[in-house]
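What follows is chain A paired twice: with chain B in the first complex and chain C in the second.
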Partner chain A sequence: MTTRETNALMARGVCKAYGQLKVLDGLDLTVEPGKIYGLIGRNGAGKTTLLSILTAQNTLDAGEVTYGGQPVWENQWALDHLCFSRELQPTQNGAQNPQKVRDYLRAAAAFLPRWDREYAARLLEEFRLEPRKKIGQLSKGQMSMVTILVALASRAPVTILDEPVAGLDVVMRERFYRLLLDDYAETGRTFILSTHIIEEAASVFEEVLILDRGKIVEHAPTEELVGQFAYLSGAEEELDRACAGLQVLSEERVGRRTTRAVRGTPEALEAAGAFDVDLAPMNLQNVFVALCGHGDER
Partner chain B sequence: MARCVRYLIRMCMLPALGVVLLFAAAPLLVPLEFLETYYTSLPIAALAILFVYGATATGWQANLVLSLGARRHDLFHGTAAVFVLTSLLAAALIVLAAMVPGALGMTRFSGDGAMGALAGGPAAWPMLWLACLTGMSTGGFFGRLFLLRHKVLAIVLLAAFWLVATVLCLVALMVPVAAWEVPLGVLPAALYLILTGLNVLFLLLTRRWLLRAVVC
Partner chain C sequence: MVNYTSNEPMHQSRAKGGGPVHGSLSEQSLIYLQIARMLEDDILRGIYREEEQVPSTNELARAYNINPATAAKGINLLVAGGILYKRRGIGMFVAPGAGEKVRDKRRAAFYEGYVRPLIREGRSLGLDEGALLDMVARAAQEGESET
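Up next is the complex of A and B:
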């Protein structure tokens, strides 16, 4: 199998700083084809910077990004396989964004080689978007719909969406997840979604990437990752015995009862549950808070 | 590069030339006395129009094109090609527009006034094209400044540029042609060289990616 046939998107030792602020610090990442990845991180963690560097829309200070073994930077072959549908801006240089939805879609059709016109037209109708409306006049939810439309109709083998559900109501969010899964079932292409609405999107993610302090601190299948975490509650002495061999991430005391967020193998967690403590599973959001909260949640 | 050129022709060149053409065609609908003054100001209006479209091409259009996966190398060279072509066609439109009143026997286009001299004869055409290219690349320069978020610098430079340009235009319009023929021939060329030099220096020194894009 040649390197191009593997078509993995890889980042090696990526560093990026804005002035004195180090955003990405020697980040390594491999995005394999045919999976839906969820990229989660706190505000300012560098999610958008990472995604824009992966698609050569931003420069890097050090490191390398490759697709199918080829550098992504200024490589038309690689760029033709990637689509980063960015959040639209309602203003430009302080004035209302004058570009019409129709013009934005025309530009997408001109530059994205696998653009599916029929699908785009269908989605335009389904989202009830007015093509003649200016982007600056759209609501936040409608702007999200335009970015979703471009991402889905791009048919790019690696499609990246940054906060795609921001501003969408719950009905439209459900519709988006359905469209995404339908598309994935049909094409099997790779999606990377960054989102803050973690729990809602967790069932869609095949693998989770957690970005914290400039590095990918976790990269694992969603269920496998969530299965390594749990809450243990009970009396402190009993908890100490139950937590032996487990990594304690945080602790909270309410009266005489203590709750600890712990990490370990599924077997170790099961063994801890045999003590006189309450064992409660975590969801992906809990896992994220436990790993990246750094105490700010209290 | 073909995608970038095609896109910029559709989104930048054709609208710019369309507006210049509309501006040139407008006096056919207005009283005859207005014609002479109008045609004297046509090159100035064309420069302003080219400035605006130059700024949009390197500003948010460039941003959009890069976000949709275009190479910087292609965008850089495509923009340069479209600027040259657009300014050439705009200059040709101005020259043709200047011939319209005479051809239709509406009034005699005297060529008085400094800008009128630019469209006055074949000898001035290269300078007219250079002036158009200056207008467009100046717009491109400021478009990039805004794009690269040097907004304060852009505003200061823009204000200074327009102040100098307005003073020069006012003086040029008030003084007879003969006295300004030589300076006006030199002015666009000098302006073009200075702005292009500044543009290239600024971009190459501050944006490593562009240097790589041009070289590779």
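Up next is the complex of A and C:
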């Protein structure tokens, strides 16, 4: 890889509203080269909006997105390094999308300067996709396969996939993670994946990005983030003593037993575990709910 | 709690399906700690002997569908503990005396994670030291007659 290909993708103060609805609100983000990022957020949090703005496929109201220090907007050099493989639309202007898979791939090959024709052909076979089929005739899973194929074969230094595993069965999802990791081991390029299937994908992410209320509220190595959270449960008074020095995110009561979702340094959590309380670890999905549940519990 | 020697007992308060971690990853513990633990288990069982090479970061990543950085973190933990060492340009190898080191560490973790909670739980049930020792002796005898 040349040095130009080891550039960071950066967003600074990005704002985007659709009418009255503020989707992104002063968002900052730095995507370093050579990592697999997981982008998670609730429905409507603005994940797709963010990903399309990062790749100059959508306008922004304020702020800036740069790649290698250069604005990405109308910058062919920067755009040649970025691939956002978008979800396919089964319909077009109310009718079945008539474009054939073959033609969609041809268009992708024309737009993506690093397109790997041989890799694309191999994936087409692996996914058993019929090139002559119309996009509107594909199943949801097959549409996901086409977007994955385009992303992988793009060989773009920064490759972005929006909900790549939606509609895939568990066997295909496993195969996708395997393909992704194989490609990553070989090329070390940057991937950004958004997903709702959090726990399954967590082990693939090196760093996790949590989008909430228009901002990236967490950006950390996945396991470092998860290690800051735990559930503590026990009798209230003892729990109060154990929680000193910890941030309490939520609380649930069953009879006289209270369980709290807490956050703190690994040392503070370990210290809390020395009290007469039960300490249980969280996984990334638990962490996400604890951070972004916002009183939806009731 | 992120000290993996004490990781296991942390789960005892919650029902934990799935049983031992070996061979597949569970969701409730940090993955790099599980990777480190699996390699330690394999060293204890003699699957990897002293001065033998262990799987590479990429091999582990592939085998368990995890990010290579996570696998590397697990391996680095064992390097820091003197259980693995790096041969430049070749890979990671089991250090001399690694088995004994793992055993020592597990014994210390056993004391912290099993023996002390045993005393604590015993006390809350009104069992004094003598009663606990009797129970341990009985369990040891029963264990022997089973095998």
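Methods note: the second predicted complex is superposed on the first by the 290 of 298 C-alpha atoms of A that agree within 3 Å, B and C clash if a C-alpha of one lies under 4 Å from a C-alpha of the other, contacts with A are read in each partner's own complex, and residues count from 1 in each chain.
By our rule, a contact is a pair of C-beta atoms (placed from the backbone, for glycine too) under 8 Å apart; a residue touches a chain by one contact, two chains touch by 3 or more.
Only a predicted model underlies this, so the values are computations on that prediction, with no experimental measurement involved.
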Contacts of A:Pro33 with chain B and chain C, given as first, second, both or neither: neither
Partner chain(s) touched by A:Glu74 [first = chain B, second = chain C, both, neither]: first
Partner chain in contact with A:Pro266 - chain B first, chain C second, else both or neither: second
First, second, both or neither for A:Tyr177, with chain B first and chain C second: second
Chain B versus chain C as contact partner of A:Val226, first or second or both or neither: second
Touched partner set for A:Thr59, first chain B, second chain C, both or neither: first
Touch count on chain A, higher of chain B and chain C: C
Residue ranges of chain A in contact with chain C within the complex: 35-36, 174, 177-178, 181-182, 184-185, 199, 203-206, 221-223, 226-227, 230, 233, 266, 269-270, 273, 278-281, 283
Residues of chain B that touch chain A when the two form their complex: 3, 6-7, 11, 59-60, 64-74, 146, 151, 208-209, 212-213, 216
Chain C - residues contacting chain A, complex: 1-3, 6, 10-11, 13-14, 25, 27-32, 58, 61-62, 64-70, 73
Footprint of chain B on chain A - complex, ascending: 55, 57, 59, 74-76, 79-80, 82-84, 86, 92-93, 97, 99, 103-104, 107-108, 110-112
